[in-house]
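Have a look at the structure below, then the notes.
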Amino acid sequence: MAGFLDGNSYGKSRIRVVKVTRGAERHDLNELTVNIQFEGDFDAVHIAGDNRNVLPTDTMRNTVYALAKDWSGEQIEDFGCQLVEHFLGRNPQIARVRVAIQQSHWLRMGSQAFTKGSEEQRLTQITGVGGGVQIESGIENLVALKTTGSSFEGYKKDRYTTLKETSDRILATAIRANWRYSSSDVEFGRCWREAREAILKTFTERDSPSVQHTAYAMGNAVLKAVPEIAGIRLSLPNKHCLLVDLAPFGLDNPNEIFVPTDEPHGLIEVAMRRAG
Amino acid sequence: MAGFLDGNSYGKSRIRVVKVTRGAERHDLNELTVNIQFEGDFDAVHIAGDNRNVLPTDTMRNTVYALAKDWSGEQIEDFGCQLVEHFLGRNPQIARVRVAIQQSHWLRMGSQAFTKGSEEQRLTQITGVGGGVQIESGIENLVALKTTGSSFEGYKKDRYTTLKETSDRILATAIRANWRYSSSDVEFGRCWREAREAILKTFTERDSPSVQHTAYAMGNAVLKAVPEIAGIRLSLPNKHCLLVDLAPFGLDNPNEIFVPTDEPHGLIEVAMRRAG
Amino acid sequence: MAGFLDGNSYGKSRIRVVKVTRGAERHDLNELTVNIQFEGDFDAVHIAGDNRNVLPTDTMRNTVYALAKDWSGEQIEDFGCQLVEHFLGRNPQIARVRVAIQQSHWLRMGSQAFTKGSEEQRLTQITGVGGGVQIESGIENLVALKTTGSSFEGYKKDRYTTLKETSDRILATAIRANWRYSSSDVEFGRCWREAREAILKTFTERDSPSVQHTAYAMGNAVLKAVPEIAGIRLSLPNKHCLLVDLAPFGLDNPNEIFVPTDEPHGLIEVAMRRAG
Amino acid sequence: MAGFLDGNSYGKSRIRVVKVTRGAERHDLNELTVNIQFEGDFDAVHIAGDNRNVLPTDTMRNTVYALAKDWSGEQIEDFGCQLVEHFLGRNPQIARVRVAIQQSHWLRMGSQAFTKGSEEQRLTQITGVGGGVQIESGIENLVALKTTGSSFEGYKKDRYTTLKETSDRILATAIRANWRYSSSDVEFGRCWREAREAILKTFTERDSPSVQHTAYAMGNAVLKAVPEIAGIRLSLPNKHCLLVDLAPFGLDNPNEIFVPTDEPHGLIEVAMRRAG
């Protein structure tokens, strides 16, 4: 053999499941997408074609369906922990399980009817090893835009710089945030809502001299608002809205008409941990 | 030449524009995607390579930007009519202009800040010819789901039928509706909201023996609620949520655990016009 | 009731199927996506909730799987006709069936192994009524680019025109062509290949004074090359590649560096029928 | 402040550029998508809103356009290294630059005309720090399918296992491979082609008792074929093609009719390094 195995994992991605909790007065709806990944004693699978240690990914999917039945339908973190415990407890060949869950956003329209909300997703990732679990939760695709209160000035320039400094621009982004809880015994729903609120409040209320400064302020705000959070990573694309030059048409454009663009886009990433 | 020209059109698609209306107290935000298509005296372009009658599609784009400046930012139908009038009035070579506008859904978060709403789009299509305009408005990607109150029974069966009849299933769809106004002088915003409300109320409150019956009831409800609407077309994919068989795992599944699927999907289309 | 039913249809979309034809020497592979739509005597379904005439869309899907077993795996037009005949022959309630098939593009790598080709799709749509079938075939997403031999000059200008005339630009498009056969008894594979070749030869060899002129020339070339074709529609987006202004960096740009863009894009559509 | 900055980066993503190399006899075409990311002395940006060290991401984009002009148009690895050297050499505030390039696949149709090939992408990522560069190249979305020669048997079963063992199934995947060169002075084009060929030859010729075993064999084959490669990571989704049960229709299905599915899918990842 020319090579050594230097790491491996396997699992099932994009396991979609809808759980309806049928209460007397109303039904609750959960739409989840689950990803499961195992690491462990799988050298023989790779090297010798010996599948004895391989629990099929098809079984992972079935397990999601079956355990969804017993899940309370409340916090996705609980469901993720139940899956991790199930797999670790019954599979000594597994050293590490990661279960990632995305929860879609539905709006209630009646006691048994819903409309789809935004493409924002609530996230969790549970990583389990023999000794315990680590829980990272977060949010993805939280698209926000402010029409003023954002500037970009005083930056470095070189021979390829053509960007004009601006004291007033549109700031548009699709926030992704992933935070690490210091314990697995927290009120996940409340913490999630408070973290989301801290992020949006910072976006809305603070002037932004750069996306970096805004991302950092968001991280600080979350750490301040939610003591249960030990650290946070934020990823903010800068979804540029370009001011249209209307001068050729004899019109001025005092920050009224913009072209939103998808590419290229800026990408700002910040990681923070709790002080002291 | 082996062939005759049997029809042609040209235009610009996916012209995106953001308009910020900067009021004293608050800013308003409009995000539109505009499509423009011309038909007319363009035979020489095709046959002889004579471009004299061709207003460039790049100019169509610029015109959208320039006219967006003067648009009130209120009804997309008004903006579409302004574009149609502009093009028809200055281009005798054009016999017919179609302007289609999609409006994205943003939620206000502050006086100058917004988050993205659902992927639902408000639509209009203005078709202008010498004699006037026809206005068709609508909605697209209005995703709705009900957890009960939907059945599918008593249908035709043949040797390839394996579907089981059910008196209780999930109904999930992504509604597209396009309605034709009988006049160009209506309150577009109010009509749109009332039509949308009639559609959702029908979805929520009426039992559904089939997607067809629901689509027909929606059309009737819109025609009843909004006298300004002369006809409507509805297109409802049946976004199947499949009940998972948990029996192999020793569990029952009384309509609790489902797998949502994207493909294949049913597709139900209905056109209706006002009676009498 | 406020409204009359003015048309309706229902069916199943995105039925995907892979057929492996296991020959002694080699396997052949077909990946298809099928859409089926019925029109007919379905008023009672809509109005009264009476499903007796409704063959479920789930059965349509099963029928595709079952009939795929007997299909030769050669021409998608034959498979479409077999589906149409099946449905029309056993369902007197159906007045009209449309079966549309897309065929994906795979490249042979071995006697039993393949790699995915381009996103180009071979298409057919079979429309069957009591009296017979009409066959329309075609191609979709045939992406082509030429680095020279395309100009755009002598066009109409108005106050919103900023586009510069050019005698040399990149022409990039994603060709969609749909042609109607004059009979259902033609060699579909050969005709398809000859039509595709005529389109690409025109694209490559003819100078393009406009996308319109090129689309028209393509239509003519197809009608000339394939006598079995009675008419053709072509749809060509103009996937603009914008010349980058390198002057601010002290560089010239003699048609070397471009930015490809997805939006906005031009859209040119031409319909032609056989002369005489 | 509640938090410490624990890492940060910023850059520009999805910078698309087309380079036409206009030779006397023929034109060459390169379509690239470039991502650039900086790490370094940016604390003041985040904490104090001081932008002096920030070279704008807009300038990164312009730099890609300008340097593309001088690039030979041959190996994307060379272009990536030129970008890294440019940024590191002129920006002492940068500790680390990552430049990732994807190259699209075009097929020559004439001396100046092309059609789009598959969605396969050639990749490189150049990571530069003060002391030098590390080069990782690879391939993405190389979709391959074999109709036989794949089995999955002898695996672990539990109460949630319903999968049937099979000695003959379709194996379909979309290969992603990323390999690390041991030096920055290798023939990138030849190495890339040889690595790709080793991957596909393994896929085609070796029986597959599991995706894991196939991924491991691919890694070994690459390390054996290309001595310049020090290590490799492979990521193989298992794009399941489900055998259709035709028994209810009175038909057998000896591995002929399948339903290809997108979700859920298996995901197999392997990392290997050169032995000895």
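Labels for the chains are A, B, C and D, by order of writing; each one numbers its residues from 1.
Here is the rule we go by: contacts are C-beta pairs under 8 Å (C-beta built on N, C-alpha and C of every residue); 3 or more make two chains touch, one makes a residue touch a chain.
Treat the numbers as computed from the prediction; the structure is a model and nothing was measured.
A.B. asks: Listed by label, which chains are in contact with subunit A and with subunit B?
C.D. replies: Common contact partners of subunit A and subunit B, which must touch each of the two, are C, D.
A.B. asks: When the CA atoms of subunit C are placed over those of subunit D, what is the turn angle between 0 and 180 degrees, to the nearest 5?
C.D. replies: So the copies are related by a turn of 180 degrees.
A.B. asks: Where centres are the averaged C-alpha coordinates, which chain has the largest centre distance to subunit D?
C.D. replies: Centroid comparison gives B as the farthest chain from subunit D.
A.B. asks: Between B-D and B-C, which chain pair is linked by the larger number of C-beta contacts?
C.D. replies: Looking at contacts between chains, B-C has the larger number.
A.B. asks: Could you please state the distance in Å, as a whole number, between where the Cα atoms of subunit C are centred and where those of subunit D are centred?
C.D. replies: 30
A.B. asks: Centre to centre, by mean C-alpha position, how many angstrom separate subunit B and subunit C?
C.D. replies: 23
A.B. asks: Averaged over CA atoms, how far is the centre of subunit B from the centre of subunit D? Could you give it in whole Å?
C.D. replies: Inter-chain centre distance comes to 38 Å.
A.B. asks: List, in ascending order, every residue of subunit B touching at least 2 other chains.
C.D. replies: Answer for subunit B, listing residues that touch two or more other chains: 16, 62, 66, 160, 162, 248-249, 262-263.
A.B. asks: Hey, which residues of subunit B end up touching subunit A in the complex?
C.D. replies: 16-22, 27, 29, 31, 62, 65-66, 68-69, 106-107, 109-110, 112-120, 142-149, 170, 200, 203-205, 241, 244, 246, 248-249, 251, 253-261
A.B. asks: Which of the residues in subunit C end up touching subunit A in this complex?
C.D. replies: Interface residues on the subunit C side: 159-160, 162, 248-250, 262-263.
A.B. asks: Sort out for me which residues of subunit A touch subunit D in the complex.
C.D. replies: For this pair, the touching residues of subunit A are 1-16, 35, 37, 42, 45-47, 49-59, 61-63, 66, 90-91, 93, 152-158, 160-163, 209-213, 215-216, 219-221, 223-224, 231-232, 237-238, 262-275.
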